[in-house]
Amino acid sequence: MAELFRRLGAVAGALVLGTVILWVLFLVVLPQLFMVDMSLRPHLPVPEQGGPADVRSLANYATLFANDLHRGIFLRTILSAALVTVLALLVCYPVAYYLAQVARGPTAALLVLGLVVPFWVNEILRTFSWFLILSRNGLLNQVLMGLGLTEAPLNMGGVGAVMVGMVYAYILFMVFPLYNAIESLDRNQIEAARDLGASWPRIHARVVVPHAKPGIAVGCIMTFMLAAGTVAVPQLLEALPGGTNARWFTQVIYSLFFDGGDWNSGAAYAFALLVSCVIFIFVMMRVFRVGIADVAK
Amino acid sequence: MSTRRLVDLFVHAYLALFFAYLFLPLAFMVAAAFNDSRFPTMLPWQGFTLDWFWGFDSRGRAVGLFQDGRMGMAIWNSVLIGLGVILVSIPVGLAGALFLQTIRTRAKSFLYGVMVSPILTPGVILGISTLVFWRYVFDVGGGLVLAVIAQSTFIAAYCMLLFLARLERFDRTQEEAALDLGASHGLMLRRVMLPFLRPALLSGAVLAFLQSFENYNTTLFVIGIEDTLTLNIATRVRLGLTPAVNAIGVIMIALTIAGAILYEILRRREARRSAVLAG
Amino acid sequence: MLSGQSITLEQVSMEFGDFVAVRNADLHIEAGEFFSFLGPSGCGKTTILRLISGFNEPTGGVIRIGGADMAGIGPNRRPTALIFQNLALFPLMKVWENVAFGLEARGVARAERRRRAASLLELVALEGQGEKLVSALSGGQRQRVAIARALAVEPAVLLLDEPLSALDLKLRQKMRAELRTIQQKTGVTFVYITHDQGEALTMSDRIAVMSQGRIEQVGTADAIYREPASAFVATFVGESNVLAGRVTRAAGDEAMLETAQGGLAGRNPHGLEGGARAQLVVRPERCRLLDGEAPGNRLAGTVERLDFEGAFVSLVVRLADGTEVAAQLANDGELPRLKAGTPATIGFPPEAALLLPVAGDG
């Protein structure tokens, strides 16, 4: 800490230190701790809070695993988010590679700009645009009926629709980390590998992918976190016909908080979701052998 | 040669598909805002109209976006929150960046992890934990203030990373030179370090505002009974959908493109400038 | 007005963890002196500079400037100004603002700052360049801006950390002369850090040669060259042949050293006594080619290399035990036809050789 004051002086040093302490305590650490604490307490009417019945236990977590409906939604949410992540990776890898290593000059700049602009368009609007395509009178149904493939509009809501919406909404969180990682690969390495007679799949497997590991890890972590943690996409696409069976775990949490008023169970469910994301992050960091500083850049 | 051509063709077709996938849904949404149809769709095209921005239906009821007072209120709230987030995130992010770049303790990477963890935390969790903590400790309920606080937890971390990247390029002998010439730490910060950081502070402000303006997942939990633009859009989609939502979309896309371009210009001008200064 | 102050180091040490960057440095630099620290990179000279300027506090010892103890006084409150190796000019300020920054820090009014900056720019021959950005200047001009900026605060001591290392050779030689002129004009004490012996020898009143955190020798350029205090100084400043052995006989100013090449005589300024381990150093230009069986210091071997350098010829002879000895011979046209592999004998007068105690032998 002495370095801080030596570099910035007493006043600015104290301001910086104080601000950081306030931030870390009041915005980052304590809220999480309070959420965990709340998740361990039973849901009681106000007069009984702090009373003899207010003892900490894992009961709220037990409820999550005992409740078939909630457990099912939880597992489906996690699995779907993982699937969305894999899909996004597969869709994005060729694009990222092309932009980073093949395209050159103004074309490359224009294509990257083509990624930047939709990146900044709101998640809600991106989801809404798919809502319009998949809705009863939407584009897809109109086209299908126009081609005579179906007579009545199809109900397109459901888990599939939510996943399509998510891939669309979060694809750019995958493509940019990949692009940045692959771009830093020296083109000569690829040329050298090709020169040595390596086939394209081998070049990707042995040269490009190993180099892009941090980018792949970041893209997967961001996409998974956003997909598992979103409430916007499922909430909007739930309004599609046939969409009600595609509830997302975040929606369960939301209704616990604001429909049921059971903040304690809500906090427990939220913490379970957080733990899943943290586990995913650690698995990714382990699999791709990257550190936290590579992940958050 | 012919396999080469085939591969090229395949690659280009894939790229075309990808960008179509990115842009067409947005294009349809924009087009539907100008379609004279009661339901927001591009097909069938029923004629061009601006009614969904400002207009009346056959029974004389106002249906345009700009005639909707609740929407105006929601936008106003979003702007207020965005400004609040700038006010919190820029100083906090700056302090965090200076802190992390300066300290030499072994706990540094741990602290770094703690400070960037909000970026890797799902937005709903940030909203929930903020709500729980501030509600019980400070008795602050959902509302604009809590929205600013909740959003700032992760937006400040983004700003910090931005400032940290800029600081890493700062030649620290300039600080020493200023002090050596007799400057107080305050003068050194004001005349040497902050001018250097200025471009990053500006783009940080733009980034913070855009992030705040488009936030949904975190805001949903901490906004209380207030309304913001994104919440308003989501409510409209679920209850009482009209092409007025598309009209909002058109305006927001126009604004975000303008914002993104501004951000890019700032970033590039900065990059060019530092290239010149380095040379 | 500008004037210099003296600097005193008393038993100054600086340790970074286990690493000792400076070890018990004792030194007095006179007011108005041009003083250089010379040594290879990592020898501790930059650390000494940072200790004098106040960026680091020594872990032991006292630093005085103008007689006053500097402990606890930060760099912004010392009568020193530092010229950084990379100059550390402020790229976002105009040239004149750079020069006037120290005055700004002292609360001097803007009009006065402009005026003083203009006159300092004149001193360093940069009239009319004040409105430019630093990035628009050439390397030599930036150098001068840095000097003007440092002089603006009227320091009693100007500290220079290899400021010429980024310049090309020609500019470097020109700047040497300019620095010397500015120093004489201002009377400010200059403390100059360099690893380039040419710079140190040509500019300085006195030089401290450093190695591994230790001050090996302090003296004028001439004294250091003629009377190196250690084999390190003898080889780092100019070239020297070094031969190790044991003192067999000491008499008066001279002593005999028994080496693998036989007995060699040299001056004995350190008063080494019989039995002591010692090194004999002799400059190549004091060595001669011997023929016949003349008595005296003789080193016989075979020619390893012969480099023709115009006015002189540089000869390297490999001795029986593999040691190489260099001699610089005047090209008087009389040189016998030496070729690599032919036998040759090198000799030198005892007064040209110096016996030095072996470091670590007490």
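We call the chains A, B and C, going by the order they appear; numbering starts again at 1 in every chain.
As a working rule, a residue touches a chain if its C-beta (ideal position, glycine included) is under 8 Å from a C-beta of that chain, and two chains touch if they have at least 3 such contacts.
None of the values given here were measured: they were computed from a predicted structure.
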Notebook entry, point to check: What chains touch chain A and also chain C?
Noted result: B
Item checked: Chain whose Cα centroid lies nearest the overall Cα centroid -> B
Margin query: Can you compute the centre-to-centre distance for chain A and chain C, using the mean CA position of each chain? Integer Å is fine.
Written below: 61
Margin query: Centroid from C-alpha atoms only, then distance chain B to chain C, rounded to Å. What do you get?
Written below: 57
Notebook entry, point to check: Distance from the CA centroid of chain A to that of chain B, rounded to the nearest Å?
Noted result: 16
Notebook entry, point to check: What parts of chain B, by residue number, touch at least two of the other chains?
Noted result: 184
Item checked: Of chain A, residues touching chain B in the complex -> 1, 3-4, 7-13, 15-17, 19-20, 23-24, 26-32, 34-35, 38, 91, 94-95, 98, 102, 111, 113-126, 128-133, 135, 137-139, 142-143, 146, 168, 171, 221-222, 225-226, 228-232, 235-236, 238-239, 250, 253-254, 257, 263, 266-267, 270-271, 273-274, 277, 281, 291-293, 295-297
Next item on the list: Using the touch definition up top, name the residues of chain C that touch chain B in the complex.
Entry: 53-55, 74-77, 80-82, 84-86, 88-93, 101-102, 104-106, 135, 149-150, 152-153
Next item on the list: Would you mind writing out the residues of chain B in touch with chain C in their complex?
Entry: 171, 173-174, 176-184, 187, 191-192, 195-196, 276-277, 279
Next item on the list: Spell out the part of chain B that touches chain A in their complex, as residue ranges.
Entry: 11, 14-15, 18-19, 21-23, 25-26, 28-29, 32, 39-44, 91-92, 95-96, 98-99, 102-105, 109, 111-126, 128-134, 136-137, 149, 152-153, 156-157, 161, 165, 175, 184-186, 189, 210, 214, 216-217, 220-221, 230, 233-234, 237-238, 241, 245-246, 249, 252-253, 256-257, 259-260, 264
